[in-house]
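Questions regarding the structure given below will be posed in turn.
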């Protein structure tokens, strides 16, 4: 691809020779000849200067000998170019002979139903959907246009999935929420979970994650939210739009998250916790309290990140501190005794 | 359903008009007209009074204008009614043409074997069992009456499952325990795991969980225990009856849990830990020590919950405490110096 | 199996009657008549003396009445005997009629392709490979000799797996790494992940784990490494050879681990962390900093294990310590006031 074509693709301003050929994309630390790279912060300018990159996306033109494309968001331009150069391959449309389809199923145009796919009754599948091998769709599900479900995904009955949703292999959507009550003998009596899961447009869900259906209403993942692998979303949760749940995060039941929330890896929420918009929780943190808009927290139980950083630095000195307090007390007692004797 | 029928269903005492029609069930905060709700604690009585609920389950009759059903356990009555109104749907009995069945397989009556199900050799399947699509059953397994295995569940060879067991999608039972020893070159040498998994009656296991088979004996999940999603149970564990393992809990090898144990989300046990009966471990806690009957613990390493609550409140003040100790020491030194000069 | 045959199998020195028949293997605490057991530490010698074991592997001959086999590594001899007595069963070679195979697929000799297996285009499968039911292999994958993939495993396109690799049920290798950048509207824009996963020889991966493919290069699991269940390995990680990742461990993106690293259960690494060789991280620990060769750490954030052990012992006393400091200050103030009055 010629550099001038790339500039036009990302609507950037080209500075330098536009006729050169770009063969690849790479971060500034690894860029090779023929690569285009990108520069977000000037602190990496020296790395760029030493690199063999043949071109660079920048916010503002910098002093380098290679051609530059000036754009508002160099990383976004880079991602757009990657999508152009490395589009996600998709299998040919068509229905494999082994596919099992229930009654009253409506299937759109340009749909791929791979080998081993099982579709229940009363299901609606939009246009341009890809179901990879061994995907299982329960009764009464609705999958809108441009969705991709990777191998071995399971959708329980009555799940609804918006447009442009990607679900990675092994993920389970709509399994029973975890709800029991004790009976007279002290045995756990199952509370039948008759709610459902709704996933809005442009959501992506990683591999082997679980999103449970609501006890009686809806577990809801709002538009544009991205969920990583091995994440647990309990029944009746609402995850706001454009949020990020990193791998191994766990949400207990009935949590409500605002938009643009970020939960880093292995973080967790107790049940019925509400997080405001743009809350950020650090890796391994957990909260059993609601958090306000824009809160940035760490630790378990979670506290403001700066507070956490300060006390975890002090923690290893705690035994010495305890010793010191003991010592101070004995010195103090000595003085007290001395003063009493005066 | 008429209210008098509901009263009879739950063996409760009706107070008020029994002929009214109940259309739905909802918690006291969300109840709408036509709904029946339930009241566990009188602190929610005001909420009930303001709600549009048409009837209520109570322990003792309360002063409200709507009809009441008095029962010993209102939440249990509520769950029983839900089961009546929203029974778990089950697919028609029968064997799909794509099902693969090995030699010496015995299958009971009223069994559903869905598309893509694979059953190994020498397997026994009881009556009224449902295997959803793409379930894989290894050789020498035994599945007793009234079990439901959701899509893409895998049972490794020689697994035994009692009556009324539910296993949710993607769960793996009987994979090799994680056992190695170092060989002469410092490489990990696999210790073949030739034990098995036994799951007793009325156990329910969530989605994408893993229960490893024992090295040489049995990994055992006792009757009535409920396991959530993404839970890890290591080889040779015994989980006592009527216990609860919430999502993302991890048990290392050879743990033994008593009955009615509760491990909250993301909790963990080191190997060879024994928990007594009715132990409760809070979310994200972990223990490498045995815990006695009725222990209630939090934190990592786990301590009694009250202790944990006290010190985590103090933690954010730790840097100030350290500063204060330093200040006290310097003030003390000043006094000491002053006294020496006297 | 006769004891003299066992001695010869493990190249050990037999002391005692070699003609006795050994029927089983068991740990020293559980050994029964007819069993052979092993002794690693002399502190268990008394247990051995009381046990009913019929023979024992030892490092150096001990004073017991039963026959002994002296070997350098009794546990390894034990594991070798287990492998002999309980070899992993493998299904007959052959291709089930339901298997779906794409174009340009090369398959070696002695391969088992079970029911429901789907293989994409341009795939190479070596000799003596076993694919259990419903395994899905994407396009352009390469699986070398003697691999076993258990049911419902998914390999995304372009994954490469070395010799003697075992992958347990439900595991997903090569799903998209978790990479996004914000677009002009504040929406997450997907960075297409066009890299791959390479798994070297003798790696074993547990059930329902996830190893994401690299953004543009390779996620690499080096030879001999063993990964447990429900483990997350993010894109672009390199896990060194002969390492151990215990259940529910999570590695964020671009981590690099040396050889013989051990991460215990539920441990985690932030992105771009580098661990030296033979680093050990305790259960539930986490690090966002690099760690040097041979580091042994605990806690979050991780500190040297001994330090952690000391301060977690002090933690429960923290509220009392805070109280004591307050008391010391008031006593000190009293003295100061007294001295001022003098």
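Residue numbering begins at 1 within each chain, and the chains themselves are lettered A, B and C in the order written.
The rule we apply is simple: a contact is a pair of C-beta atoms (placed from the backbone, for glycine too) under 8 Å apart; a residue touches a chain by one contact, two chains touch by 3 or more.
Note that this is a predicted model, so its numbers are computed, not measured.
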When chain A is superposed on chain B by its C-alpha atoms, the rotation angle in degrees, nearest 5: 120
Interface numbering overlap (same over half, different under half) for chain B and chain C: different
Centre-to-centre distance between chain C and chain B (centres being mean Cα positions), rounded to whole Å: 25
Touching two or more other chains - residues of chain A: 98, 116, 134, 152, 170, 208, 230, 248, 266, 315, 318, 321, 325, 328, 332, 335
Chain B contact footprint on chain C (complex, rising order): 25-26, 30, 72-73, 75-76, 78-80, 82-83, 86-89, 96, 98, 114-116, 132-134, 150-152, 166, 168-170, 202, 204, 206-208, 224, 226, 228-230, 242, 244, 246-248, 260, 265-266, 283-284, 312, 315-316, 318-319, 321-322, 325, 328-329, 332, 335-336, 339
Residues of chain C that touch chain A when the two form their complex: 98, 100, 116, 118, 134, 136, 139, 152, 154, 156-157, 170-172, 175-176, 178, 180-184, 186-192, 194, 208-210, 212, 216-217, 230, 232, 234, 248, 250, 252, 266, 268, 270, 286, 288, 299-301, 303, 307-308, 310-311, 313-315, 317-318, 321, 324-325, 328, 331-332, 335, 338
